[in-house]
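Next, two complexes with chain A in common: one pairs it with chain B, the other with chain C.
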Partner chain A sequence: MTNVIEATKLKKLFRPDDPSRLLAIDGFDFEMKEGEFVTLIGPTGCGKTTFLRIVAGFEDIQGGQILFKGKPVEAPDAKRGVIFQDIRLFPWMTVRDNILFGVKSRGIKAEEQKQKLKETMELMQLDNEALNMYPDRLSTGMRQRIGVARVLANSPDIILLDEPLNSLDWVTRDYIQTTFLKLWHETKKPILFVTHNIPEAVFVAQKVVVMTARPGKTKSVVNVDLPERRWELRRDNDHYLDLVKTTSRLVEDELSKAREVEKVVGY
Partner chain B sequence: MNEIRNRALRAALPHILIWATVAIITLLPDIQAVAIETKVPILAFLVGASVFMTLLLGIGATKIFKKLSITRVLNFYDICSIFLTIVFVWELLANKFPVLDPMIFTCPTRVFQALVVKAPILLDSAISSMFLLVCGYFLGIIVGIVTGIVVGWFKVLFRVVYPVAKLIAPIPPVVYIPFALVLLPSVMYAAIFIIALGAFWPTFANVCFATHNVDRRVIEAAKMLGAKTGTILRRVILPSVLPELFAGIFIGLILAFIMLEVAEMVGASSGLGFYILSQRLLNHYDVVAAIIVVVGILVVICTVVFDYVEARALKWKVRLGA
Partner chain C sequence: MSADGFIQVKDLDLVYMKEGKPFPVIKGLNVNIAKGEFAVLVGPSDSGKTCLLRLIAGFEDPTSGEIFVDGKSVKGPDPSRGYVFQDMVLFPWMTVHQNASFGPKSRGLSEKEVKEVTKKWLDKVGLTKFQEKYLHELSGGMQQRVGFARVMANDPEVLLCDDPLGQLDWVSRETLSNEVLQVWHETGRTVVYVTQAIEEAVYLAQKIYIFAPRPGKIAQILEVKLPEKRWEDKDLRFKKEYYHYVEQLREIITEQASKSKEPVEKGPCSP
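Up next, the complex of A and B:
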């Protein structure tokens, strides 16, 4: 199988003019195969979100290379859909226009737009009543469902999730997790999920990549050999809990180092 | 009980003022030297106002229209009370008791007479003025919005143009009138140019600055959904700067009105500004006051339309204060 994402010796400085400060990522190698569901986990400030932003095309890099389906990533693209932690809907558009923003921007035909809208609304359990409302009047959970819907309506080649479930209630959280697990099960669309929640990371992915403290590198990879129909898995499953423990230990090693780094660099 | 008494008083006040004014106009003798030809206009206006306001109160009390509640009607009544007090006191001091200089201060009766007698020429002047205003204003704000977005979007351009604009913007556009008159083909073009310039600067400054400071996170979201620069400018930047844009074009509207009157006074041979100046030279202060009333009405109409458009365009915005 080909690699969807391939990063070699990646290097990212937040202040290229002053290399002593904030070396976010240094010598990071990463690869993700077609059809994989991977979570990226690590202590705060290890550069996991930065890496996701590099994959999305939002950040330039100071060394190494980043390939998406064999081609270097240069700018953001509809092929790589991002679901943000802070959602980022367009407040001046109704829910309908928010969901259809991508398809409209890419000049998709009106009939197809309608079809997409219907599909994603069903998938994210949005009713017609919500369509004409403005996002600022909706709950956070509802808004994130729309954030997911607008990306899915765009049918990206890969879905990048940047801690999207952080500020959500349990019901919505579980619902969005299940949606992605089912979506992945059905379509085998590659998903890269960045989180700092260890049980969540293990629960959803096939492969958990643990990053080191800053500057981020790959520390180790945990293969999650749980059944694919993950949404049916009980959260007290022994093997699942073992995997959570293993991952926790790996992350904990880095936590003390992360604290040291914070002290040295400061903000 | 107190609340009811209060409301009754507020409802009665404008009517009392109206009939008191009617009484002094008809019963007390005029003291102004020049005889007033007709008192019908002001009396018709006052009686008409009383009837209209009674109707409004009736609608408010019976709740026929949801939007016209009794609270809103009484609010309108309060505003009317202020204007009616001014009319009453003015008439009293300028035409009934010798307090104010009757020539300069004229009196409401005369102003209403002028409004009716000079109605055709007032209307012509108003149309001519509004034509200039609309042309100049829309030219100014459209150019301001487009250039503001473009300059605000390109960082290099912003760094050069914005400081220069900040230096030039405070110069009152009036000072360009001599050049405008010489360089442009007619006085009309010169007036439109000066009005457009008045509307342009505040629009440009607000839109440019707001575009520059637009939330980059939302831009990222638009880019990852596949939007190209043109789409981003139209569907993301433009709507997100709308609050600042409206603040800018409102200042632009006020400045456009000022520029309109100045331009007409300086060079035009028609319009309200020209008319006001020519009537002043003839010492027709009643007509001058009538023109001021017309300008006032036009400004109010423009701001009401403006507020309506703004509320429609910004209905997505949650007002935390209200």
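Up next, the complex of A and C:
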């Protein structure tokens, strides 16, 4: 199978004009196959979100190579859908316009737009009540669902998730997690999920990539050989708990190295 | 201690007005929390957990019903009921030390007493080395430690925590939850703690109070019978007996949430 993402010897400086400043990522190799659900985890500041931004095309790099389906990533593209931690809905647009933003920008016909809207609303269990509201009135959970809907409406080739479940209440988090697990199960659309929540990282993925403290490299890869219909899995499953423990120990090990870095600010 | 509980919430109603119509947030809520208990409030989004915490703090008055703490009716905020906010609300123009000594100074303690109590709490949360720093020089986890030190320096009887670790990364969160447990254990104070994370709820709580969907009331109480000194078992977080409670709590909350449609709009106590 081909690699959907392939990074070799990736290097990223926070301040390219001053190489003596912090290195975000140095010598990072990463590959993700078509159809995989991968989580990327590591101590604060290890560069996991930076890497996701590089894949999305938001950041330039100072060394190495980043390929998406064999071609270098040069700019953002609707084929790589990003869901951010803080959602970033357009506050001046109604929910309907937010969801259809990408679809409209791509010049898709009105009839097809309607169909897309209907499909994504069903998938995210949104009802008409919300469609004409502006984002500032909505609950956090509802805003996050709409953020997800906006990206899915674009039918991206890969979904990039930057800690999108962080500040959600349990029920919404569980719902969105399940939505992604089912979507992946049915479509095998590749998903790259960045999180610091270890139990969650293990729960959703087939493969957990643990990064080292900054500058981030791959420390270890944990293969999660749990059944695919993960939303049916109980969290007190012995094998699941073993994998959470293994992953936690790897992250803790890196965290002790990162502690000193954490105290230094100035970037 | 009276049999009615150290914190006693009686027939509480909280009703806001929304677009000219009454909007009930809490309805007929009754709860008793024992002295020295670690109580955790969880529930569906917008079920009134944070609102209850704010009512116990005395930041606002209920529409009807009453709250008693140590037998006295709550009529307004008081330093004996310390509140740790999710986003800390520290003073950015003050050093760590100045932030932590703010409460004791305001209470009119002598200079010597202020010094002692500030030192004690900065030591306890591991911030002595950083006491001359300003907040922007600290990581999120360290800032939240300042938040705890500042509240604890007031020697509160009750510690009210509104998801204080919610913004931190998972590992810092686990480390700090151990520290919170140790402070609770050492001081014997009563803690009422709101969290979104069910793993954290089980790890911290002696009793978990699960809210029904809005208008909020307590739907169920889950007693967590794990050892009190949970930080001593480094593997507890991966043990079946711990996750057994997590799974149980997950089922209860999911069931509660399914009883009503998820709220589309944000609630009155959410940011």
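Keep this in mind: the second predicted complex is superposed on the first by the 261 of 267 C-alpha atoms of A that agree within 3 Å, B and C clash if a C-alpha of one lies under 4 Å from a C-alpha of the other, contacts with A are read in each partner's own complex, and residues count from 1 in each chain.
Criterion: a contact is a pair of C-beta atoms (placed from the backbone, for glycine too) under 8 Å apart; a residue touches a chain by one contact, two chains touch by 3 or more.
None of the values given here were measured: they were computed from a predicted structure.
Peer 1: Based on the superposed arrangement around chain A, label chain B with chain C as either clash or fit.
Peer 2: After superposition on chain A, which the two structures share, chain B sits beside chain C with no clash.
Peer 1: Under the stated touch criterion, which partner chain does A:Q113 make contact with: chain B (first), chain C (second), both, or neither?
Peer 2: A:Q113: touches no partner chain.
Peer 1: Once both structures sit on chain A, report the angle chain B, chain A, chain C from C-alpha centres, rounded to the nearest 10 degrees.
Peer 2: 80
Peer 1: Is A:S155 touching anything from chain B or chain C once the two structures are fitted on A? First, second, both or neither.
Peer 2: Neither partner.
Peer 1: Looking at chain A, does chain C or chain B touch more of its residues?
Peer 2: The partner with more contacted residues on chain A is C.
Peer 1: Counting only touches as set out at the top, which of chain B and chain C does A:V82 meet: first, second, both, neither?
Peer 2: It touches chain B, and chain C stays clear.
Peer 1: Identify the partner contact of A:N3: answer first if only chain B is touched, second if only chain C is, both if each is, neither if none is.
Peer 2: Neither partner.
Peer 1: Look at A:R137 in the shared chain and tell me whether it touches chain B only, chain C only, both, or neither; answer first, second, both or neither.
Peer 2: The answer is both, since A:R137 touches chain B and chain C.
Peer 1: Pick one for A:W92: touches chain B only (first), chain C only (second), both, or neither.
Peer 2: First partner only, chain B.
Peer 1: What is the contact status of A:L255 with respect to chain B (first) and chain C (second): first, second, both, or neither?
Peer 2: A:L255: touches chain C, not chain B.
Peer 1: Examine A:T178 and indicate which partner it touches, taking first as chain B and second as chain C; both and neither are also allowed.
Peer 2: Neither partner.
Peer 1: Closest Cα approach between chain B and chain C after superposing, in Å?
Peer 2: Taking the overlay as described at the top, chain B lies 12 Å from chain C at its nearest C-alpha.
Peer 1: Is there a shared patch on chain A that both chain B and chain C touch, and which residues make it up?
Peer 2: The overlap between the chain B and chain C interfaces on chain A comprises residues 137.
Peer 1: Per the contact definition, I'd like the list of chain A residues that touch chain C in the complex.
Peer 2: Against chain C, chain A makes touches at 43-44, 127, 129-130, 133, 137-142, 167-174, 195-199, 234-236, 238, 241-242, 244-245, 248, 251-252, 255, 262-263, 265.
Peer 1: Using the touch definition from the top, list the residues of chain C that touch chain A in their complex.
Peer 2: Those residues of chain C that touch chain A are 42, 44-46, 136-139, 141-142, 166-167, 169-172, 196-199, 235, 237-240, 243-244, 246-247, 250, 253-254, 257, 262-267, 270.
Peer 1: Along chain B, where are the residues that touch chain A in the complex?
Peer 2: Result: residues 217-218, 220-228, 231, 235-236, 239-240, 242, 315-318 of chain B touch chain A.
Peer 1: Could you please specify the touching residues of chain A with respect to chain B in the complex?
Peer 2: Touching chain B: residues 56-58, 75-78, 80-82, 84, 86, 88-93, 101-102, 105-106, 134, 136-137, 150-151, 154 of chain A.
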